[in-house]
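Take this structure, written in structure tokens, and hold onto it; I'll ask about it next.
So that you can tell them apart, the chains are marked A, B, C, D and E in the order they are listed, and the count of residues begins at 1 in each.
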Amino acid sequence: MAFTDRVQQILSWYSSENPGTLTNLARLLNHGKLAGTGKLVILPVDQGFEHGPVRSFAPNPDAYDPDYHYQLAIDAGCNAYAAPLGSLEAAAAKFAGQVPLILKVNNSDTLAKMDQPISALTSTVEDALRLGCVAIGYTIYPGSGARNTMYQDLKELTLEAKRKGLVVVVWSYPRGAGISKQGETAVDICTYAATIAAQLGAHLIKVKPPSAHIEQPEHQKVFEKHGIKTDTLADRVRLVVQSCFNGKRVVIFSGGEAKGSEDVLKEVKELAAGGSFGSIMGRNAFQRKRADALQLLGDVMSIYKSA
Amino acid sequence: MAFTDRVQQILSWYSSENPGTLTNLARLLNHGKLAGTGKLVILPVDQGFEHGPVRSFAPNPDAYDPDYHYQLAIDAGCNAYAAPLGSLEAAAAKFAGQVPLILKVNNSDTLAKMDQPISALTSTVEDALRLGCVAIGYTIYPGSGARNTMYQDLKELTLEAKRKGLVVVVWSYPRGAGISKQGETAVDICTYAATIAAQLGAHLIKVKPPSAHIEQPEHQKVFEKHGIKTDTLADRVRLVVQSCFNGKRVVIFSGGEAKGSEDVLKEVKELAAGGSFGSIMGRNAFQRKRADALQLLGDVMSIYKSA
Amino acid sequence: MAFTDRVQQILSWYSSENPGTLTNLARLLNHGKLAGTGKLVILPVDQGFEHGPVRSFAPNPDAYDPDYHYQLAIDAGCNAYAAPLGSLEAAAAKFAGQVPLILKVNNSDTLAKMDQPISALTSTVEDALRLGCVAIGYTIYPGSGARNTMYQDLKELTLEAKRKGLVVVVWSYPRGAGISKQGETAVDICTYAATIAAQLGAHLIKVKPPSAHIEQPEHQKVFEKHGIKTDTLADRVRLVVQSCFNGKRVVIFSGGEAKGSEDVLKEVKELAAGGSFGSIMGRNAFQRKRADALQLLGDVMSIYKSA
Amino acid sequence: MAFTDRVQQILSWYSSENPGTLTNLARLLNHGKLAGTGKLVILPVDQGFEHGPVRSFAPNPDAYDPDYHYQLAIDAGCNAYAAPLGSLEAAAAKFAGQVPLILKVNNSDTLAKMDQPISALTSTVEDALRLGCVAIGYTIYPGSGARNTMYQDLKELTLEAKRKGLVVVVWSYPRGAGISKQGETAVDICTYAATIAAQLGAHLIKVKPPSAHIEQPEHQKVFEKHGIKTDTLADRVRLVVQSCFNGKRVVIFSGGEAKGSEDVLKEVKELAAGGSFGSIMGRNAFQRKRADALQLLGDVMSIYKSA
Amino acid sequence: MAFTDRVQQILSWYSSENPGTLTNLARLLNHGKLAGTGKLVILPVDQGFEHGPVRSFAPNPDAYDPDYHYQLAIDAGCNAYAAPLGSLEAAAAKFAGQVPLILKVNNSDTLAKMDQPISALTSTVEDALRLGCVAIGYTIYPGSGARNTMYQDLKELTLEAKRKGLVVVVWSYPRGAGISKQGETAVDICTYAATIAAQLGAHLIKVKPPSAHIEQPEHQKVFEKHGIKTDTLADRVRLVVQSCFNGKRVVIFSGGEAKGSEDVLKEVKELAAGGSFGSIMGRNAFQRKRADALQLLGDVMSIYKSA
């Protein structure tokens, strides 16, 4: 299979990685309906762990079943399916090779009151290999007082993953004592969080769509001084992309809470216009009935395809 | 020995595991009076460690003797006997091969005041192999601020256990600063705790029978919105089963404090009606006189057999 | 499951082993139609490797399929099925838990011209654990100039297997420059080979039925001086059993080349009369049509049962 | 040396252990004046480390010399001498083989203010082997917030010690934020602490003589409900013995602070009457002049001998 | 147990060893009827492996049973019992602690035609620890072209054994292309072989009683020049003892083939007169009826005792 120029270009940004990691990155980029476009739509399902099963799956009880998500990701033509250990294991043998897998190696729940937000390590690079994953996924909370533990754990995982030829995906969600609730999606914070992920060696970076809010006074001054445009989501996305090594790291955006299809598509158009490499869409996919989810994911892919 | 369709079906849910783990899972499912039914009644005896010897064994002093529990599990036809290192070692050679063993690899006592609830690691996967166990057992306390340490320790144990062909049983008991006393058995928390265990890679999950209480406001809203039935214990058990990968992970329920046989059997009927895969019954077994315990365990098995 | 006195007696001979090894030994002794009798009939299929597939399976082409042998061992009620890595892997998940497995960890083929006979190490203790085996099997060729490599490899495997709770089965087949063709089954050599296996720490020993030939002059003198009876196969088997720690190690006999059922049963009667713990019967089982094989294995088991 | 029936009986309780551990256990039971009785009097000298040299040895300055304790243990006919690394090393070569040695592998001093009581690991299993010890000794403080670290360290030590054929002795001294000063020797806490040691895999358990105080309300209720006798020290010792796997683990009692010989002997009589397996007597031995110490140890042994 | 001056003197020759090794050496010297004399009579039973079971045990069929030898060594009051892995394992738990054990970690059989004589490694230092042995035993064949492999394997074993506190016993039997059949017991060769063992770090050295034959011309000249007396066995033994670091390594002599009690005792008297530290007597012990063996061993011990 000859690769598209775009895929070759993207791979060229990662030329320090070993061929194993490049191979798995290529698998991500060449799978599903967006294969070869350099765009990605990924199905992530860690809400059972992160929010509890009932909040996650009651809107569409078929989604209690781990098989459901594999099949949805396959049928929708997603580039990958990302989930914690248990979910992947539950059907990894059954669907082996049908969709690239990302093992989410840390997870949090809403039961514990943690002094500082930090997810627990819940699986390993070894698990990712035995389950046939192309990547590991890891969440950092820039802004947390437990930052160092997270970055250090990630450092070890990244080193091992790259040595073994895996891709590293980092969810970068600002959170913690240093950041206001509004600041968690502030454009200055979001761009910053994206850069941190890139600096930690992430191959793929996942952030939330940034709001126009600016959290830090130091940033406020700079944004004003240089007349940095942040009016539209597309403007702000462009800034995030720029913050990811001037567009040389793949950055994708999460969809957040479930909402109407109109709203989803409107947001995705802005993301695409801003140069996003794609979307990672969980609740908006699996909390819809299957037919609706397939429709919506298809529409989202169409937007990226024509971007 | 040909396997029943039900046992084959259950094994099919674990197809990502190696044949060693499947073999030990099959041993659990095919031993004792419930062999082949897909149901399990397990005798756990960690109360000596968890509550102290006198509170545990004064009601039936024969139970001070480690041999007693082996013999009880064997004679009652339990699927397995679970205990900490010392108890298993005390008679593992004597009863070798007579009943599947689960080594409880972490334990807590009531002497220490811990800032955050977390059990101590007290034995290893290597111990489980040298004692001839089919599984390791590990307790997590979702809701504890020490959650991350627990999940991370479990991650390592799970990886090693699965590589060596053992089954992983997780006791998931919500507890800690994030949860009210009442919330520890709340239906939203219990279902959540069951899912966490499943996501952590548990093959067998042990939770407490859930009450109708709902702890988290976010859950309250979802339960109401979707009209989720939680009136009877059977309803709530059904929800727990669903939360364990839509019934594709074996989940069993603990009996809790010793109570009258009537009450035990009434509760077990509800558990069975809700689709529980079985019971793990410690104090209600070994705190009775042996004849009574055999009678009660036999009655419990009959309920599951005809469920 | 209460054990028979005979099984308890056999286990008592292995009291230096850990409970894990005792458990797996008990599994061998308590499976199939001979469960509890202290006798064993084992199906070994390493001829595909040792003699080539066509020589092995052309007489009964169904036997090309690895599933066939699992099913045959299960349906015949054998105590165990023994095979090299590939054969076991091919269906270990499918038949997990249905029959005790012995992983043959070394194998030879007839393609290479070896200076001295020695099998190649082809799998590991770790493989045995992940495949759910109760034992590893290893072939030694006493009489080979490569003896030392074999014994030394076995020493390492044995130490690891015992630490991990597995049983060690040794095939002891005299062969090599030091022994004439006729001597390979000579009664003095066969008893010697059985003792060597026992001394190397084997739990189960497999030898060929000894002939009345005496190979070594030193032995000839001793046999004559002490008037040791070797007239009948039963006499000679009795001597082999005695040579296995005075009957305190389980020793079983292979059937050798395929022959008529009459001949097989006649030989087995002699083996049983001499105190053999059982038979390991490969070609005489799988080179017959399935119905005939089941019939023959059943008849063999009946002989041991009534011995 | 033929063993007494009592020694054989005691060894039978440890049948899951390897012959190496059984051998070293037999060495403990068959040495000194109490050889063969199943009773033990052990000389422990870790007070130099635990309380400082002057507090420990000023009452009898000869005891500053490590040789002194070896000679005392030998001449008194103790079953063993237990001490930290330095003390043992100081004369292990000189007295090699003259008395079984127990290497105390963790130790605490009174200089540091620890948040939670926990001893430091001060030597290793490898040290125990190179010094010719029959056992390692380890102190746990049930009730300490550092409980988990202690139990987890012990888990690793125990696994290694048992693999290498050593005996594991656990000093179980309740202490920490969860327990009142009075509670440290309360009968409910002491029995609990003994059970914990047994569950952690200890072969020999050392506790303090329990007082009649009951620390935990939950225990108070159980003691009352079941009319458990705790009036005399003998009653309470009986309960401790029962709490050690119904008497199937060797449990011995420490003598505590130095006191008059009358008091010591009176206490030992109660211990013996309650079924104690012996005493571990440090300060009451080495803080007396040698002749007095020999006299007292001799008297103590006589009591156990005739018990 | 206070040690005799002689035992203390012997231990003083090994002052570079760690206390663990000294302890185990003391155990050898202080066990059985010769305890404390500095003399040793050891029962070795590796003939099953080395010569085959029938040649070894037909003269006294009770000796097929591994228990027999343990009991014989115990009842005769031997200092130790030495055997290969299987024999020791067969009853190590049963007789744990009743007699010091020497694990023979390499063994040869008479089935293979080896280019150069060299035994196979058949067990490990780890095995010796788990079986509770005081020593490992290793055979070298000085004169063999495979010398280097043997010395190098022994070097590794010795280093590990000494680190773990074990004693190293070396059987030094000249053999191989460089030596005539008669030369294998020649006095020049035997003294040489004893020195090699000492130089390789052996604590105990076992050689055959030397004949008056002198194998090497270089030796012949020296023997003559210095008028070295070799007339009597006592003379030659004296030379062997001298060759073992001037008597500062314990050297004992094997008895060789079974012979009449008169002959045995006559030879032992010469050995004792020459300063031998004792005898290692296998076939002359276990090939006699038990009562005769006990009588003979007792007589041998008496000779050494009064030497």
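Keep this in mind: a contact is a pair of C-beta atoms (placed from the backbone, for glycine too) under 8 Å apart; a residue touches a chain by one contact, two chains touch by 3 or more.
The structure presented is a predicted model; accordingly, all values stated were derived computationally and were not measured.
Taking B-C and C-D together, the chain pair joined by more C-beta contacts is B-C. Taking the CA centroid of subunit E as reference, the farthest chain centroid is that of A. One finds 71 Å separating the Cα centroids of subunit A and subunit E. Chain centres here are Cα means. That of subunit B falls 40 Å from that of subunit C. A straight line joining the Cα centres of subunit C and subunit D is 49 Å long.
Mean C-alpha position of subunit A lies 57 Å from that of subunit D. Multi-chain contact residues, meaning those touching two or more other chains, do not occur anywhere in subunit A.
By the document's touch criterion, interfaces exist between A-B, B-C, B-D, C-D, C-E, D-E. Against subunit C, the residues of subunit E that register as touching in their complex are 48-49, 51-55, 58-59, 61, 64-66, 68, 84-87, 89-94, 107, 109-115, 118-124, 126-127, 131.
The residues of subunit D lying in touch with subunit C in their complex are 15-16, 18-19, 163.
For subunit C in complex with subunit E, the touching residues are 13, 15-17, 142-145, 147-148, 150-152, 155-156, 158-159, 174, 176-179, 188-189, 191-196, 198-202, 216, 218-219, 222-223, 225-226, 228, 239, 242-243, 245-246, 248-249. Of all the residues in subunit B, the ones that touch subunit C in their complex are 1-3, 11, 15, 18-27, 30-31, 74, 89, 92-93, 96-99, 126, 129-133, 163-165.
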